[in-house]
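Input: structures, listed below.
Both complexes below contain subunit A, partnered by subunit B and then by subunit C.
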Partner chain A sequence: MGNIGAGNATTALSQLLGDRLVRMTAPAVAILDIPEVGAWVGEPHLPVVAAYVQVTGGIEGHAVLLLAEASAQAILQEMLGAWGGDRPGLLASGAIPLGERTVSDLEASALMELGNVVITSYLNALGELTGLVAIPSVPSVAADMLEAVLNSILAEVGWSDAGVLAIRTHLQGEGAAVEGQLLFVPAEGHLSRLIQAMGMVGEARS
Partner chain B sequence: MGAKRILITDDTAFMRMTLRKVLESNGYEVVGEAEDGLDAVEKYKELRPDIVTMDITMPKMDGITAIREIMKIDPQARIIVCSAMGQKPMVIEALNAGAKDFLVKPFQPQRVLEAIQKVGG
Partner chain C sequence: MSPASPDQATPVTVRIGELRVLKGRGVLAAIGLGSCVGVALYDPVSRVAGLAHIFLPSSQNGRLVAGAPARYADTGVPALVDAMVAAGARRERLQAKLVGGAQLFLRGDHATLEVGRRNVEAVRAALCALGIRVVAQDVGGSRGRTMRLFAETGRVVVTTLGSEAREL
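Our next item is the complex of A and B:
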């Protein structure tokens, strides 16, 4: 399930990068306590750029695209390269730091678009598989250390004490430094709903 | 007949610029850019474009609602959805609301031009 979703997301990312090959690892699933999530995802102090989307509809949950800072820089260059030196609207928003500088409004909007397209492609596959609709919110973009980014997202989510189920996939671009992760956390009770829906789809097809 | 007048609707400036570039370099006139569904409805009233491109996931008013509102104003409106949301129920909802075509992001620029020609551009 996570595999096909990530496959779709990988294809979308590849197309955004001008058809460069993007590989993914098989998804890993884990049930974690909140303090464990950061370490499970990666090195806590790694600088990352994250796009976060809340998912509603038949499948509810939280989806995050995490990119290593250098990857985000490389992807931005690819997406905005077509504009060359003549980039209209290049005003420093000051809101999102990236390395030594802050991203421009145009770059921030490119990151939002990237998060939207990659995460929604993932959700499209989940929807296709389950026959349920997964509606994404407008993405929010943040850049910080991995731990800080995850903590602020986790604060939005509001877990129970039962821990959190997370599905994780690594994305790796060919050649260039494109490296990221997709994280999907189904809302409580929605994992069984996903599995059940897929079972029903399977039966209907047999 | 003059160049077709097009209204672009997308919440990211990046996507609006990308679409504008594709359209203008192929002889179309971009008469306006809307940042959300509500903005699209207002600009439709004001500008009366020949064709509208419409994103779905947007703040303030989503694209499906905006399609319904625009079709109320002008049942002849020609709206093409350009969205990452490619799930079948959503596509059907958009077409039922009155959209003439549905492009799933990411798409090749050529697909946008084909869709516009198809709806009468």
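Our next item is the complex of A and C:
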């Protein structure tokens, strides 16, 4: 059932990229302790660009679109063409690094929109399946080493001794243009109802 | 094979919520500090080195959590000091170096994405309560950090993506 949510998200991403095919893997689900989440997602120092939203409504939780740095650059090129430019951002309080430079305001805005479209379509599909409404916040954007990005998000989730449920879907575009992951961590009280509604069984804790 | 120099020794990774103590040799590392804070304490006389990977500012109930004593700043810092004293350090000789507490995410409407700043404040308050001086720090800002603490010297090396390693 998680497949359908991820399917919607990849369709949305394909459309943003001018109908280039974007594939996805079947979602992996795991219940993990907080320190285990990073290693489950990927290599800790991998440079990634992330769009993060908090989800409220019938399904509460935290969703993040993670893109390999090169993929984010390729997607920005696709979305903005020559308009993206390499002007430094005006958001001086916290410029987002991207490779050798920082992203422009227009690029930051495009990354927020990308996160918004992909995550919203994912949540909409989950909502249709479960009958629960999921409302995403305005995305926040970061670019840094994977572990630091994830840990900053997990600090918002807080610590649960029951572990956190993480749903991970790999996105793969034509060639190597798009490589990324969607991660959704339901809030603690919303874990069992989501599992029940989606008919999924997480990997048992050892 | 000659013995590995301290720089080449394989670091012991201190994961979120953990604390580790070494004496005289070896390297402790906290990888991918975002809003988390790495608290490095060192006693230059006994050469006891300790590193705590703090996740959140406050335990609220003040209880120490088994298996993850450094989860919170208010309980994790005293727990690190206790572990170091048990290993032969003297509290009045301890010096602190702080790394992390960044805010990686930009814009959006998350007023709460300030955990990094609050973590740093909570760590400083806990150290101050124990009379431990902060001798160096690389905190705040918007970049994720990885840190290594060398038990032989108390030296701390910080790396970020796309920058040269720097020493604290």
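Assorted remarks:
Please note the rule applied: the second predicted complex is superposed on the first by the 180 of 206 C-alpha atoms of A that agree within 3 Å, B and C clash if a C-alpha of one lies under 4 Å from a C-alpha of the other, contacts with A are read in each partner's own complex, and residues count from 1 in each chain.
As a working rule, contacts are C-beta pairs under 8 Å (C-beta built on N, C-alpha and C of every residue); 3 or more make two chains touch, one makes a residue touch a chain.
No experiment lies behind these values; they were computed from the predicted model shown.
When the two complexes are overlaid on their common chain A, residue A:V138 makes contact with subunit B and with subunit C alike. When both complexes are overlaid on chain A, the residue A:E188 reaches neither subunit B nor subunit C.
After overlaying the two complexes on the shared chain, residue contacts for A:E179 are found with neither subunit B nor subunit C. Once the two complexes are overlaid on the shared chain, A:L106 sits against subunit B while remaining clear of subunit C. Once the two complexes are overlaid on the shared chain, A:M79 sits against subunit B while remaining clear of subunit C. Looking at the shared chain after the overlay, A:S121 reaches subunit B, while subunit C stays out of its contact range. Comparing subunit B with subunit C, the partner in contact with more residues of subunit A is C. The contact surfaces that subunit B and subunit C form on subunit A in the two complexes overlap at residues 112, 137-138. Subunit C contributes residues 15-18, 31-36, 55-56, 68, 71, 102-110, 112-113, 115-116, 141-146, 160-162 to its touches with subunit A in the complex.
Partner subunit A is touched in their complex by these residues of subunit B: 11-15, 17, 21, 57-59, 83-90, 104-106.
Across the complex, subunit A meets subunit C through its residues 34-35, 38, 44-45, 47, 50, 52-54, 91, 93-97, 99-100, 108, 112, 137-142, 144-152, 154-156, 158-159. Put simply, subunit A touches subunit B in their complex at residues 12, 15-16, 79-80, 82-83, 88-89, 105-106, 109-110, 112-113, 116-117, 120-121, 123-124, 127-128, 133-138.
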